[in-house]
Each structure stands twice: as structure tokens, then as C-alpha cells.
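See the structures that follow.
Below are two complexes that have chain A in common, paired first with chain B and then with chain C.
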Partner chain A sequence: MNLALNDVGLIAWRSIRRTGRQPASVIAPLTFPILLLAINSSGLRAATEIPGFPTDSFVSFFLPFAFIQGALFAAMTAGTDLARDIDTGFLNRLALTPLRGTGLLAGQLGGAMAQTLLQALVYMCIGLGLGVHFATGPAGIVVFLLLALTIGAAWGAIGIWIALRTGSGEAVQSQFPILFFFIIISSMNLPRNLIEADWFRTAATLNPVSYMIEGLRSLIIEGWNAQALGLGFGIAGLTVGFAMALAALELRKQMART
Partner chain B sequence: MSRGNSMTVALALARRQMTILLKNPSLFLPPMLFPLMNFMAFAGGLSRLRHVPGFNFPSGYTSFVFVFVLLQSAAFGGVFTGFGIARDFERGFARRLLIASKHRSGIVWGYALASLFRWSTVAVLLTVVGLIAHMQIGGNGIDLFGLYTLAIIVNLTGLLWACGVAMRFRSVQAGPLMQTPIFILLFLSPVYVPLTLLEGWIHGIARLNPITYILTSGRGFISGEPIDVALGFAIALALCGALAVWALRGLRRAEQIV
Partner chain C sequence: MQGINLRVEPGEIYGFLGPNGAGKSTTIHMLTTLLPPTSGTAFVAGHDIVKEGPQVRAAIGAALQEAALDPYLTAREHLRLQSGLHGLRKADREQRSGELLTRVGLTGAADRKVQTYSGGMKRRLDLALALVHRPRILFLDEPTTGLDPQSRSALWTEVGRLAKEEGVTVFLTTQYLEEADVLADRVGIIDHGRLVAEGTPKALKAEIGRPTVEATPGDPSQVESVTAVLGHFGEPMPAAPGAIAVMLNGKGDLTDVLRALDHAGLRVDDLRLHAPSLDDVFLAKTGRKLEGDAPEDA
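Right, the complex of A and B next:
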């Protein structure tokens, strides 16, 4: 057990160090969501005047978007790095060691989650600095970070699965528009009940990302909402499980090739 | 390639770029999908903003955001072509091109032609999707000619900016430098609501942002109530002229490495 945990820790630490050595992989995920948060929270402030809008602070409403987008960036980094390991033969060499596949996957996921945590802390500080007030208080901030981490794990698992499935960093990067599409077609800009276009509201309702965003958002503007939190944690957790199961299957194929 | 005049060089290069694009959907599709995704997200997800007091754009919200997305796709069409220029330098093709061309300014115009062809397909697709989405067009044929001419100038401007960067850095790693300033300039304009509805710091910046007046002019065309036409075109042409100098100077720098 201790040995397995040690393996996970080593792989996770390697992943963290490798990300840290690539400034572009750290700076872009930190700055881009903040930039969009600043621009959209000002540019869309007028939306708070729509009757029924749940808060008079658009920055409070929009803050979860930064966490979701940051998690997507972390997933892309984790996926690209793993694909590079496949491309350079590092995974083949690992296959010759006693390291278990689950340890490799958990370690890679741990690296992605560490990046997500760092980003989440930065976004949180900026959000609080911009005057975001949590209706759930300090305990809500802790739960918010936990949910953000779970969501980060979900995106990270998807990135790992894509990397193992394709074995190509370019292929991982080319999935970005598709994954970003899920973020765009969600309730990120307006609550679902205020989305006017029927097709968009339906798409947002079917889109799991909406529930991740709404789970985070509920802690800021609603207070303790068990349903929103249950859906947020549940969908993110299920995504982690499902994507990691798929990744384990792909890893078995990758190992078999060696 | 024969050592012909600038036009020969430009046409041959444009043809090559188009062939590459057609043979590599992964290079062609993302720049096409991004504007469509933005259009869907803005027109579908934010259409209720038309009910915000003070929003009085006569042709409706779909047309309002269509103009932004059209201009955004034009600018980014140029930027994505800039990625191709950088890639050509990394792979050594641009170096051979510089040696083979007698009239090297044709290289810049060749990439510009390729950028225009590339964006034209996006513009057609975007317009068709806009019409399917019941976009109201209040302007007549002359107004629409004005709108698309403005977009062509923006496309050329985006290409010239990215070309200047690519010629100086000669690496795809300069990609963020090509797209980030354009992204910021575009999003610091009245994207979601008219200038009069923006508040705070973003209102001040949008007022000083030259893109605001190009956007206002384009929106005037589509609504059939032209506004700031001379100002919009003057700004677009001035930016284009200045960036032509920037790109040609970049070409001179690149020549020094041959």
C-alpha cells in the first residue's frame, strides 16, 4: 500500500515539476481565465438588470467560469505531457518497472489536480479581491475549493484518457475546441431559466458542465443548496470515474504494445 | 518557383497555403469552428440582453453579435495564417522561399491572399448560419458591401500583425504574441452590449479602443442605419497601413538571416 502511494507521489511530483518548468503551461492558464473574468464581468454587467437575475454582481455570478476554464487548461497540460511520455517512449520504459497502471494514472491525475489547486487559490484570491462575497461564508469557500478540485480531476481524467487514446500531443491540443464547446454551451453567462433561445436552454440543460458551474455558483450567490451541490459533486465524480476507467483500458492497450 | 514578379510569388504562395489547408483539416477546422461556437454562444445564450433597458439595436441581438463575430473571425483568420508563416520558418520552407523569390514583398501578399481565401469560407459559413438563426438584416446591398469590405480590411490587418510577429520570431512559440493583443483589443470593445450600456473601467477603455468604432460602423451597416462609416474605415485603413509597414519591416529582418 505504502509502495503504491509512493509510486503515485513520484509520478505526481514529476508531473508537477515538469509543468513548473514550462512557464507557458503555468502562466496562460493563470492569466487567460482572469482576463476573461475581468472583461466579461464588466462587459456583461448589464445582464444583472434583466428581471430575475439572481445577483446584482456579475463578477460573483461569473467567477466559477474561471475555475472551469482553468481546469480545462490543466487537463490539456496533463494530457499533452502524458502524450509526450508515450511519444518519447517514457511510458514503455515505465512498463518495465514494477509501477502499476493505476499508480501511473493516479499520479498523472494528481499532477493535474495540483495545478488546478494552485490556479484555484489564485482565482479565489482575485475573486475575493474583486469583492465577491460567499453567501455560504468561510465554510462555503472550503467546499467551493473542494468542488473546484473535483471538477479539475474530472477534466484532468478526460485529458489523460484522450492522451492515452491518441498518443499524440497535437491530437490532445486539437480536442480543445470540442471541450471548450461544452463550456460555451452551458449556463456560464446566464442562469438557465433566463436563457431565451429554447435550443440553447435545452443544450445547456443536457450539458454536464452547466451543473458543475451551477454547483460552484450556488455557494457564492444562493447559500447552501444541496441539490446544486449534489449534482455538481455527483457529475464531476462520475466523470472522474468514467474517464479514468476508459483511461485504464487505453493504458492496458498502450502497455500491451510494448 | 520561378523568380517572377510580386504577383506571381503571391499567387503561387497563396495556392500552396490553400493546398496545405485543404489537405490538413486539423489546421482548417478549428479556426472555422471557433467563430461558429462564439456566435452560437452569444446569439443563443445571451439574446435576453436585448431586454436590458437602453439596448435599442434595431436589427436584434443576433445581428448585433453577428457583426462582432464576423470581425473577430476576420482578424483571427489573419492570425491563424500567421501561425502558418511561423511554421514555414521553423520547417525551413520560408528560408528557401526568400532565396527563390525575386520580389519578396510578394511573400507577404501571398500570405495575405491565402488569409483572405481562408477567411472567406468562414465568412460564408457564418453568414449562412446567421441567416438560419433568423438574423435580421436591415441594410441594403451597399451596406452589406460596406460591412464585408470592412471585415476584409480587418482580415488583412490581422494577417499583417501576425506576419510581422512571425517574420521577427520565426517560431510558432510566438503564437500567443500574435493572438493575445488582438484578442484583448477585440474583447475590450462593446462586444455584448452597446457602448452606452458599458459601465466603469471597460467603458473608458472601449471609448479609446479603435476597434469600437470599426464595430460600431459594422453594426450600423447591418442595421441599415450607417454610423461612424468614415471613422470606422479611416481607423481600419490606418491600422492596416501601419501594420503593412510592420510586416514589410519584419520581412526585411527575416531576409537578414538568409
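Right, the complex of A and C next:
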């Protein structure tokens, strides 16, 4: 157990250190979500006038988007770095040590989650600074961060799976628009019941990302909503499990030591 | 790989020599457990590479063809990571890292990111990483490819010291004849996945025999005459364009050849004596030259 934790800690430590030394991997995830938050909160403020809109603060409504997008950035970084390890042969170096496959996967995921947490704290400070009020109080903020971290793990697991599946940093990067598309066709800009276009509302309803956003959003503007939180944590947790299982299968091929 | 059968003794430096695409790296990947063989058996440090992978990996260190390093980490961080993954305690990690940095001459650059390193520095770090857990056997896959002569020589010294002073067994692949000649106690020559020759460099060279004399006539009209004179001293051999070569048959040496040419009134621009090299061994065994050979299926 101690050895397994040692493996996870070392791989996560390396991942964090490497990410921290790539300015683009730090600056973009911190600035783009905040930039979009600022633009959308200003440009779409009128949406709060729509009858049935759940809050009069679009910043409060839209803040969860920053956490989702930031987690996607962290996932891309984790995936790209892992793919680079495969490409350069660094994975072979790791394969020659007693490192377990689970240790590698958990360590990589840990690195992505650490980045997600750091970003989440920054977004949270900015959100609170902009006057976002949590209907669930301080406890809600803690649960919000926990859910954001779980969502970060879900995206991170997807990034790791894609990296192991393709073994190419370019292939991982090319998935970014597809994954971002899932965020766009969610309930990020409007509550699902207010989306007029049937196809969009259906797509948003079928889209798991909607439930991640709604779980986060519920803590800010609704109060304690067990269903929204259950769906948010459940879908994010299931995604982590499913993507990590797929990643483990791919790792056996990429790290085919005897 | 096709029916390779070899044995390396403890403390020996074994040079695995062959052109690009001959199967050297494939062999290393199989012996280091990174590539499961489709058939056949191999034991490394007494352990079956298929059934006892973890035990094999515990006994070996490897520096593979590409010095796979993280450009964003420093040498010291690489060593900390590697030693940690090998289960060294924190205090031991620091001590071992310091020892190895000193040994490979990277103490001064230990806290610089690897992306600032030269090729030689990366190779030395690669070697240090392979030694972190004090392996009994060291696999080096073309360790000096792309290095300048000074870095190459430094690495040879270190590898030689490991074998002679610490008893580490070294299995080394190379496409450089000089490297195999200088470093290896025994050499295996591989071509198209087959082991075509094996022995000490001295024995292999002696096996294919005698020195070659190569002459380049000063006057192209004298090619036939020079060929006739050289023909008295040995059998014709392939030669550079415009030159004539014979493998000496014991009826005379270079001095005798020179005297005979002078006696016949023939002028040569260039006259060389080639002692047999491992390249000659390769040529004799495969019909092709090794050095300067184009990659086949690398």
C-alpha cells in the first residue's frame, strides 16, 4: 500500500512540476475561462430577464462554466504530456522500474487534479470577488470545490485514455474541439427548460456535461439540491471509472512488459 | 529475430554489432522485458524474461536508444524520480543521486532543466538513471550514437570502469566498429535477425585472416601491370574505385610489394596496408560492408 502510494505521489509530483514549468499550460487555463466568463456575463446579462431564469446574476449562473473549461484544459495538458512520454520512450523508462500500471494512471490523474484544484481556487476567488453568492453558504463552497475536482478527474481520465489510445500529443490536442463541443451543447448558457430549439434542448438533456454544470450551479443559485448533486457527482464519478478502465486496457498495450 | 543463441558471462562486456534494422534494438527490448518474444526462451540474471519479468527488471539497468528524458525536469529530479520508483528511501535517494551525478560529471548541471543539455550530457544522465538501483546487468542500446568523439570516449571509459571495477555485465548494441573493438570483450555480429559471427574481436579478425594491400596506380594505363604484380602476393579483393587490392597470401609483406612495384617500374599514388577489422569480418560473413551501410528497415 505504501509502495503504491509512493508511486502515485512520485508520478503526480512529476506531472505537477512539469506542468508548472510550461507557462502555456498554466496561463491559458487560467485566463481563457475567466475571459469567457467576463464576455458572456456582460453580453448575455439580458438572459436573466427571461421569465423563469433562476437568478438575476448571470455571473452566478455562468461561473460553473469556468471550472468545466479549466478542467478540460488540465485534461488536455495531462493527456498531451502522457502522449509525449509514449512518443519519446519515457514510458519505457518507467516500465523498467517496479512502477505499477495503476500507480502510473493514478499519479497522472493526481497531477491533472492538482492542476484543476489550483485553477478552481483561482476561479472561486474571482467569482466571489465578482459578488457571486452561494445559496448553500460556506459548506456549499467546499462541496462545490469537491464536485469541481471530481469533474476535473473525469476530464483528466478522458485525456489520459485518449493519450494511451493514440500515443500522440497531436491526436490528444485534436480532441479538444470535440470535447469543447460537448460543453457548448450543454446547458451552459441557459437552463434546459428555457432552451427553445427542441434539438438543442434534447442534445443538452442527453449531454452528461449538462448535469456536471447543473450540479455545480445548484450550489450557487438553488441551495441544497440532492438530485442535481447526485447527478453531478454520479456522472462525473462514473466517467472517471469508465475512462480509467479504458485507460488501463490501453496501458497494457502501451506498457507491454512481461 | 531468427534463432539467435548467445550467452554472456558475468562481468563481460558483450558487443552486439550490426547495421540499422538488423534487429539489435528488438533484441534489447525483448531481453529487458519490454517486448514479449513470440517464441523462444531467454534468461537474464537467471530469470526467464517471459515468466519472471519483475525479477529481470530488478536485476537490470537499461539505457535505450533514445535518451528518454523529461525536458522540463532537472537531472537531480530525474534521479529522485527514478530512485523513488525503485523503492529507495528518501535519504538514500539524495545520497545515490549525488553519487551518480558526480560519477557522470553532471554535478554542476544537476539543477538545470534537461532541455538545456547537450547530447552527451543527456546520454550521461541516461547512464546514471540506469545505474540508480545498482543493477548487475546493464543494457546499452547504441549509447554513443550521435555523440562527439570526446563524449563518446568519456562514455566508453565509464562503461569499461563499470565492468572492470564493479563487475557489471554490459550488453551493448552498436553500429560503430571501433566501439565494439575498443569496448567489448566479445562481439556478436547480427544481420537480418541472425547471428552471423561471435567471438572476441581479436579471434574474429584472425578468423577471416590476413592483411590486405591496396594500391592506386598513378597512371591509369598501368592498372593491368599493377594488378599482375599484386597478384603474386595474394588473392584479389574488392577495392575502392581506381584501386587494386589483394589479401596477402604469405608470400610477401608490404615491403616486398613495394619493391616488386619499383622493380617493374610502376608508379603508385597510394599504397595501403589494411589490417583486418570487424568491418572485414562483417564483409566476409555477409558480403556487405557495415560502416556507411544505408539503413534497411530501421
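Heads up, the rule we're going with is that the second predicted complex is superposed on the first by the 256 of 258 C-alpha atoms of A that agree within 3 Å, B and C clash if a C-alpha of one lies under 4 Å from a C-alpha of the other, contacts with A are read in each partner's own complex, and residues count from 1 in each chain.
Here is the rule we use: a residue touches a chain if its C-beta (ideal position, glycine included) is under 8 Å from a C-beta of that chain, and two chains touch if they have at least 3 such contacts.
If you're wondering where the values come from, they're calculated on a predicted model, not measured in any experiment.
J.: Given the touch rule stated above, what does A:130 touch, chain B (first), chain C (second), both, or neither?
T.: In the superposed model, A:130 contacts neither chain B nor chain C.
J.: Quick one: classify A:199 as touching chain B (first), chain C (second), both or neither.
T.: After superposing on A, A:199 lies in contact with chain B but is clear of chain C.
J.: Using the touch definition from the top, say if A:28 reaches chain B (first), chain C (second), both or neither.
T.: After superposing on A, A:28 lies in contact with chain B but is clear of chain C.
J.: By the touch definition at the top of the document, which applies to A:45: first (chain B), second (chain C), both, or neither?
T.: Only chain B; A:45 stays clear of chain C.
J.: When the two structures are overlaid on chain A, which partner does A:185 contact: first (chain B), second (chain C), both, or neither?
T.: First partner only, chain B.
J.: Just checking: does A:17 make contact with chain B only, chain C only, both, or neither of them? Give me first, second, both or neither.
T.: second
J.: So in the superposed three-chain picture, is A:98 touching just chain B, just chain C, both, or none of them (first/second/both/neither)?
T.: A:98 sits against chain C, while chain B stays out of touch.
J.: By residue count, which of the two partners contacts chain A more extensively, chain B or chain C?
T.: Comparing chain B with chain C, the partner touching more chain A residues is B.
J.: Would you mind listing the overlap between the chain B footprint and the chain C footprint on chain A?
T.: none
J.: For a test of understanding, state which residues of chain B touch chain A in their complex under the given definition.
T.: These residues of chain B touch chain A: 26, 30, 33-34, 37-38, 40-41, 43-49, 51-55, 173, 176, 184, 187-188, 190-193, 197-202.
J.: Can you list the chain A residues touching chain C in their complex?
T.: Of all residues in chain A, those touching chain C are 3, 6-7, 10, 13-14, 17-18, 21-22, 85, 88-90, 92-99, 256-258.
J.: Using the touch rule from the top, collect the residues of chain C that touch chain A in their complex.
T.: Per the stated touch rule, the residues are 32-36, 49-51, 53-54, 56-58, 60-62, 64-66, 68-70, 72-73, 77, 81-82, 84-87, 113, 129.
J.: Give every residue of chain A touching chain B within the complex, in rising order.
T.: 24, 28, 35-36, 39, 42-47, 49-51, 170, 174, 176-177, 180-181, 184-185, 188-190, 194-197, 199-200, 203-204
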